[in-house]
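Working notes, structure below.
To keep things simple, chains are lettered A, B, C, D and E as they appear, and every chain counts its residues starting from 1.
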């Protein structure tokens, strides 16, 4: 018979006060297989733990039951205790006779009887425990950061500074994301380029960071510590090793196409750098607009002009595969395409109705208008400007109920900039609410109003052109009457949405998104930068609308998580994972389907059967991915796959013990 | 019936002669002409033993599981229900389609009470169809017996199942004949783990009856073999029928064995499943 | 017919075991333990003939048949290798625990037929246990038998059971050769490293007036028999003890039949000629 | 069972470690009181509970069985309770079909913070099962079976 | 002696005093031996589907209770009520002879069976209607006589011919005295519908064809390895021993087992001596028709035809006998 030791804890008077601990210990003593039963005032104390060690030595115990508080409290304490005794830490069961017995039952007799039952269940279960040993998974100390906006840059820098190799991927031809498009940043109004370009150059120069622009994730396999990632780098048609970035080709290129970076306010050439301070500071050729690549004309001017022959029209996409220990998703946000959603605001036919980002490009010194606020239609200086907030946000009818969080602040910034740069300008802001949750945010909002911005509480119902003016008809809910404000230019603060291809990326990483497409964090409060797939972290606006301070904070947190993972050469996987008995498994893949982590796969094995040696399919558990939920064990009809620590035999014995 | 039989014999002889199949599983007449028995024809000249008449009640599909890794192809004479059984075993990954050569037989129903409730007389999957497809039968309620059982009061049902399970002699014929029961080692044989006691009493029988209903319930192809073979005439199809009816009501119309890559109802989920949990 | 003595049962019912106390447990090898038991009143549960079996019952887990490898004034012993759930559960027992025991069962070795003959004892792994019961019997009646050659084979030297018998007691017996061979060499062994079939051939034993008593895994028996046949041994001179599944132990439950013979009643000891008559299962 | 004591039902509750078990602990921390005839069996996720465990509990003499887990969508393992929902929606019907009073088998979603809901559920189920009386349908305790 | 059929009910109530009387009757559509509750037993028509085996050799028989822990002890379960089996036919009577030979006469005496057998009185009856699958005559039985039964009733139209073959039978007849009248009844002449070519020589030759793989493959092909034939067969006596543990104490019991189950010959350590259905069914047929004969001098098949009517794969031992007889004699 197994040699079990039962220890009943008084927990001061918490347990002893509510039930008869001596009787529980006595009853435990008579159970089959129990060789030693005792009770003590504080089992989790130093003396309590010593009592266990002595009993193990004296009675050659091979398994332990502690009747005390909840296992969620001290299971690890007692497991660590067993580490330096001959008993395996997993030959331990805890009977919860405090939170679920002593504290919740007034009748002392019934509480004692229940405690005896709970101890009997624990003893019956521990009899079937087997020694378990942790499995160790090697960790490749190399991180992959997807998306090189401020979030990706910050995370990559932090990880690289910690001494680990980082590969930073960016879909566009330059890093910087949306932040580098902005002019000033709230609430301190320091210039966006001044705080982001140094970081961008630091990234380009950092020995540990491999920067790959124009690259996306093709496929992700493997598991935490060992992700096998295939990356597709789009053809650049410019050899960046030879090119010095002189820009001669850009001046000669005949093709003109709208510039995505400048929010279609101006055009760019086929061979281009999105903006002057781009990193890497070398141009690429856009295959959809280059006349030679489309095959419309022979062109090739840039190749002829280039002094170093860096142009190469035969360039092909490259597929690079590598193994990474951790992945940080920092794919950022995009602005909603407001035109089809808001026909009442002109649906995009008025060129003077622009988005916040388009305004940022107008007011930016390196923008198409070198910083002068000129309205796109006739390049004149707008005197009357209307700013409309919550365009697409907080509006279930338009499909997004959430608040995009940062627009209240940057609309105040826009108002302040217009009033400062255009003397005598009149700015009207239509708002639902103004949310200023950060440090110095409220003061910034007050300053905007002191500068003369007129805040009207109400939603704009219609924008239409009338004798040269854009009339914004809305309602002033505070005064309770309609209002019409004529404007030369209207700025719509549109909603943030996740990047378009976020759902496929999440599918590749086996992480989930919410109904809008924001990446699902492991736990909103306790694990905001982790996902439910071990080894995949997230930072910045991909997880939900947020402003730059929060984004940078999250980027640092994600980097810290990666560094924790990389601090050890191998990860100790919990041993309470599933295991397959191969001669019982018939390969019906019921378990493969129910596993939330895709940790169980069918594998072909050689097997000796009655009809000789054959190949057959059996389930195989990947120790790295399995989180020990047990869905597979319950789905397996023949009990071939079982969850160690909660095996079928253990639970059956526990159920039987309850009813004796 | 007889032209199908001659076609059957003809094709079986040809297949065996040019060695395309290792053996043909069909029926041959047993003692007395009102009884047939599954036949395993290995030599071409024995093809004459194959018969097809209304006494061919045994399911031929499950014998594929007795030879899971055959050297060559195995030909199977398959009626509608047999092809559903083959689909069942294919979905469960227990046989490979390339190991099976299916001789489809359109069936007007054989001497088996399940045939009044058969909605798939024509084979659903076949390599050859021996005869024109027959008109399907649709004028019946698939769950008539289950609904009628539900009219009874709780007490009546309890008494009825009490008596039925007392009769069961645990011969496991229902398990060994069911195409959905394809485990290498049945849970009932693993008494070391302690799922199922070896005692023969009404409680252990009830545990066996309910557990097996639960194991095959969401994959049952309603071929009626379990009720046909039960020596004690237990209404086993009531249990799996009730499971299927529940799957139908809760998860949308549900029938098994219609394709080779089905996912059982309890092996998957839908975000807006019915939820009467508290 | 089969003479039957079953004095170790509860009031004579052959299927109901008697409670016995474990007085000593010895670790023979990593996975083999020898259990010594005594009935509650301190006496020997039964007097077994060499090669007979006892049905050991671990209450609450199950029953299994093990050969009685030795017996003394007031105890009997069996060696149990941990292969299944029951044997593993028994390996968790400690001195002073209780087990159920009934027996003796089986026909035992033909001690009379072996009288006056030279005997070659071959024990493969745990197969050494039944052979040991015969060797101990022959040691007591040493004068009735000729020369002894004791061969024991195991995976490694650490897997050789009954070490004090093999290394101290039996080499001291007169006219006795003890030969140990292992499958795999380990540094604490510099003797013979060979499989039993090859090793037996090298001993140069002649078949005249010699009987072979061999127990162990069936492949070992098959291969060794071929070699012995090459050396001229008649199949009738080779005696073995069958290792099949036995449930009731009294020839009723039908489980251990080979043809019409029941291993637990007509066996487990058979000569190879007797086995040849049975259908080759 | 001493004859003078009122008969107390034996109820087994399979509780998922991340939500319901935490809720039960929380009920303890807040010193809430509830009847003492429920015994909690901890499982990592409600999807670990095999319907055969419920049958086993009824067979061995439990008078009531509960399966509790996280609310759909909150599962620590993301999709565990979706399987629980399907398995036990069907088992509830099967038990009733086989003549077992449906109130004996309860299923609840109780999150880690719903301590009050745990207490009320236990009280409610305990009262329901006490009204139903001992489980004799399936129970191995009957003389001829043991 | 003679007994008027009208008085049968009175005889039954005499038999049922203080004893358990089993008569053929319907239980939810299955004709089997059931406790007599005053109704008229179904003596005619086909034989019962379940044999009377369950009365002498129950499906689950508790052997002993045990306690583990410090004061471990084992206590045999001994109480056995008096029993009467009424309405047995010749084939079932022969099956009881076979079981007596196994459990009582050969080697150890199985106390459980012996006690039950000693406390059971058997009243056999002449076979009134051979089923479509009956062949007891070709197994050397006379359907119209049961020499080893305590009391034998032969059918004389409106009355039964009553004769006692054993002293216990005679002692019992004394209680029936008031209903018995003098005179005897001619032996009835029922015959079997099947006559497979079973003979003592075939029994000897059967072991000879043990290695004829092709024959065995064909014969055992359709078998689905269930336990139906074993559990409806009156003479299958294989059993398994197991323990129902309830936390440190419990009951050890023996229960029916079938050699057709895959785990029947499963040794510890994974080796199975008869892994394929061919080996298992061959062993079953040969045990019934040859091996048993070598040890007990009679076949272990009484020709009742129950396995033929209930086999899911429609296998037929009578056809097997004919086929092997044909193979053996040439």
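For this structure, a couple of remarks:
In this text, contacts are C-beta pairs under 8 Å (C-beta built on N, C-alpha and C of every residue); 3 or more make two chains touch, one makes a residue touch a chain.
As the structure is a prediction and not an experimental result, all values here were calculated from the model.
Most remote chain with respect to chain C, judged by CA-atom centres, is A. With every chain reduced to the mean of its CA atoms, the largest distance from chain E is reached by A.
Just to note, of B-E and A-C, the chains joined by more C-beta pairs in contact are B-E.
Chain centres here are Cα means. That of chain B falls 32 Å from that of chain E. A separation of 66 Å divides the Cα centre of chain A from that of chain C.
The centroid of the Cα atoms in chain A and the matching centroid in chain E are 72 Å apart. Each chain gets a centre from the mean of its Cα atoms; for chain A and chain B, those two points are 48 Å apart. Shown for chain D are the residues that touch two or more other chains, namely 56, 79, 83, 87.
Residue positions of chain B touching 2 or more other chains: 185, 187, 195, 199, 201, 266.
Shown for chain C are the residues that touch two or more other chains, namely 60, 84. Considering their complex, residues 63-64, 66-68, 72-74, 76, 102-103, 106-112, 207, 210-211, 237-243, 245, 248-250, 252, 254, 257, 259, 264-269, 273-274, 279, 283, 286-287, 290-292, 294-295 of chain E touch chain C.
Taken in their complex, chain A has these residues touching chain D: 70-72, 96, 98-101, 103-107, 110-111, 113-114, 117-118, 121, 512, 532, 576, 594, 596-597, 627-631, 633-635, 643, 646, 648, 651-652, 654-656, 658-659. Of all residues in chain A, those touching chain B in their complex are 583-590, 593-594, 602, 609, 611-612, 614, 616-617, 635, 637-640, 648-649, 652-653, 656.
Those residues of chain E that touch chain B in the shared complex are 27-30, 49-50, 59-60, 132, 217-218, 221-222, 224-228, 230-232, 240, 242, 244, 253, 255-256, 258, 261-263, 277, 310, 312-316, 318-319. Note for the complex: chain C touches chain A at residues 60, 89, 92-94, 97.
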